[in-house]
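Below: one structure in structure tokens.
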Amino acid sequence: MRISTTEPIVELKQASKLFNTGTTALADISLTIDSGEFVTLVGPSGCGKSTVLRLIAGLESPTDGTLSAPALSTHQHSTAFVFQEATLMPWASVFDNVWLPLRLQGLSNQAARSQIHTALKNVGLEDFAQAYPAQLSGGMKMRASIARALITEPQILLMDEPFGALDDFTRQKLNDDLLRWQQERGVATLFVTHNIAEAVFLSQRVLVMQARPGKIIHEMLIDQPYPRTPEFRASIDFLQYCRELSNTLERAMLSEVTPS
Amino acid sequence: MKNLSDAMLPILTLMAVVCIWEFGVRWAEIPSYTLPTPSLIFSTLLANWSSLADSWWFTVKITFGALLLACAGGILIASIFSLSPSLERAFFPIAVVLQVTPIVAVAPLILIYVDSTTAALLLCAWIVAFFPILSNTVIGLRTIDRNLVDLFRLYRANPWQRLKLLRAPSALPYFLAGLKISGGLSLIGAVTAEMVAGAAGRETGLASRILEASFRTETPKMFAALMLLVLTGVLIFMLFTALSRLLLARWHGAEPMGHRHRNL
Amino acid sequence: MIWRLIQSLALMAALTSLTHAQQAVTFATNWKAQAAHGGFYQAVADGTYKKYGLDVTIRQGGPQVNNRPLLPARRIDFLMTGNLLHSFDNVKNGIPVIIVAAMFQKDPQALMAHPNQGYENFSALKNAPVAFIAKDGQFTWWQWLKVVHGFKDEALRPYNYNLGPFLSQPKAIQQGYSVAEPIYIEQQGKFKPVVHLLADHGFTTYSTLIETRTETVKNNPDLVQRFVDASIIGWVNFMNGDRSKANALMMKDNPEISVAEIEASVKLMKQQGIGDSGDARVQGIGTMNAARIEDFYQQMVKAGLYQAKDVDLTKVATTQFVNKQVGVEPKKN
């Protein structure tokens, strides 16, 4: 169900992905993401959530079906990806890590300097520009990764379980921050997670997938305006959404138990 | 403080060994032509310092000269291999052959074919030092965080950017590990080649001094030259370990081999 | 003279039969078996050592083998060395060994060159662009050649006992034993090399010396005397008698040598007066005199190989076992 009336940022139409190992990772996936939307993909392990992200990022091509991105500019900086591990270059400082996307476009250290410092300030790492990844905590590394992702002012942000390795408290804090950054920029975001509470808190739409082969079996709308506050987490609506999502997920996992 | 006490243990052990050696030889009245005492070795070293120092310098020059060439060759060829898998498949076996051929057997042949003895020594040391750098760097250029590869793809980096910003830094710990190994091997190669060459005359290193002392039955001098060689090997190892630590300090645990340092 | 010989032999045989079983003795040489070791092999082959109550095992040396440390380490009883320089070094460094006999009055150490390359004169050798000298020589007589005859280190190349490099470079010179290498060169290179004996140009050392521990000389002089005498007889028999058994024994130890080569070598040894010449004709093979040793030492001091006080010459050799005219008799051929 589409909310916006302008052209989608990204549209997958009946996309399938067959790997040369013979595994059908995805079968007949269709989804759209509109400008500024926050969409989450949830599903059991192995359902192909990461593959969907990689298709959209252009790191894989669909074996069948189409991927179109009509509103996406053709510049290389329009898509950003945040991985499960922070994936920072351990030999480079935080500053140099955040510089990377601009550097690959040809921007020198001097030219990019103010942008980098702004990006670091936005994620609260302005004092750590010269630190090295090994000196940072998990949460800080993830912030740096996000700063790097956002520095090119992307139109779509793809995030693959970015907070999975963090403790609850850091995770919640980063959820709050992420929403703030996303709303400030209006960047369309496709977020993958295992965590039901996180999915409900962050997104406007939650797509539930089942595995083998990967399909979207349910779409849930979270009708809660932004900005979302900690109070939302404590509300009845939140609990109901979580319960509904939980039931759907259970169904998704049970339907897997089919001999083939 | 911890570093000091860490260093004390090997130093104390070494001192104990030297003392046992010194007093053991004296007590058992072992003649100096069989096993000299450390004090005799040291005094012989001082007495012959000028000639031994010249030879030492020569050996050091050959060792580091060959090492430099091995680095240059190793890095260059590893980079070519990383850019062209078919070239790698074609030439890697040749590199392996170089590694497994015992230098003791090959050195006499090289000495026949190459006119200048110094060039022949360099070549022998290079052969021994080259392979670890090559193979480690090849692995290092290939072993990159998969996500970083994807990231570079996403931002459409060109091959040169990939090599300079991603592969080269990724390969650094592996290269340094290879360098640590090759440092010692280069010394061994230089010494072995010189032993085989048995070259006397002006441009000679410690191996020739050892040979000469052994032929002239000057056992304390032989030991003195040998001690210098051992010391050189140890210094080389320490040098490259320190270099490794210096360059990789900020990685903290990115060294694929050797012990990791955690600041607790 | 013959009577003296027979008398000594008879006495020895009598004494031996009175003593208990054969004494086991190990003798190490400094190279692979060749004609220059012939006398020792002869004494084994024709039973001379046995007659003197000795069960001798010969342990050959070789290009990669260094038997010298075995003597002070008590692993062998007697050692063959090539020249007096080894003895000077030993005494200088306090190694308790001593020379008891000198089987060669002339050192066969020589330099060889291609014919018709201008090396017919010894003085031309120092200008050779390339000289193949083995490790042993590099650290000893090469130093003497540099000081006394003007040879230069620039020409020095290691000789790894492969004739190839010499054969392929007409201007090269190399070391060898005057009674051995020329034969191989003629075979492999098909030419007769120019040979310059170092002994003819001032290198007056004795050669093929028998060395043993000073403690053996002190505690068991009878053993030393027997070994020396038997070896001398062995040499007499080898040079003048039936060598066939000795040759066979040498070829067993060193399959690379042939009867033809051995015979050619013996001929050269006689021609060049290596073993039985000079004093040996009068005093018997193995003879030494202190004056000649002193003279050689002084020359080496002049050449800078030693300082005057480095070596106590009385410790270098003892003549107590030689100069007894053992084996001296009218020659047959």
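Per-chain numbering from 1; labels A, B and C assigned in written order.
Throughout what follows, a contact is a pair of C-beta atoms (placed from the backbone, for glycine too) under 8 Å apart; a residue touches a chain by one contact, two chains touch by 3 or more.
Here the structure is a predicted model, which is why all the values come from computation and not from measurement.
Chemist: Need the central chain here, defined by C-alpha centroid distance to the all-chain C-alpha centroid.
Modeler: Per-chain C-alpha centroids compared to the overall one single out B.
Chemist: Taking CA centroids for every chain, report which one is farthest away from chain B.
Modeler: Chain A.
Chemist: Roughly how far is chain B from chain C, going centre to centre by Cα mean, in whole Å?
Modeler: Here the centre of chain C sits 43 Å away from the centre of chain B.
Chemist: In whole angstrom, what separates the CA-based centres of chain A and chain C?
Modeler: Those two chain centres are 90 Å apart.
Chemist: Just give me the whole-number Å value for how far the CA centre of chain A lies from that of chain B.
Modeler: 49
Chemist: Quick check: in the complex, which residue numbers of chain C touch chain B?
Modeler: It is residues 66, 68-69, 72-73, 86, 89-90, 93-96, 133-136, 138-140, 142, 153-154, 156-158, 160, 162, 164-165 of chain C that touch chain B.
Chemist: Report the residues of chain B in contact with chain A in the complex, numbered from low to high.
Modeler: 145, 147-148, 150-157, 161, 165-166, 169-170, 172, 250-254
Chemist: Could you pull out which chain B residues touch chain C in their complex?
Modeler: So the residues of chain B in touch with chain C come to 31-34, 108, 111-112, 117, 196-202, 211-212, 214-219.
Chemist: Which residues of chain A touch chain B in their complex?
Modeler: 54, 57-59, 76-77, 79-81, 83-85, 87, 89-92, 100-101, 103-105, 132, 134-135
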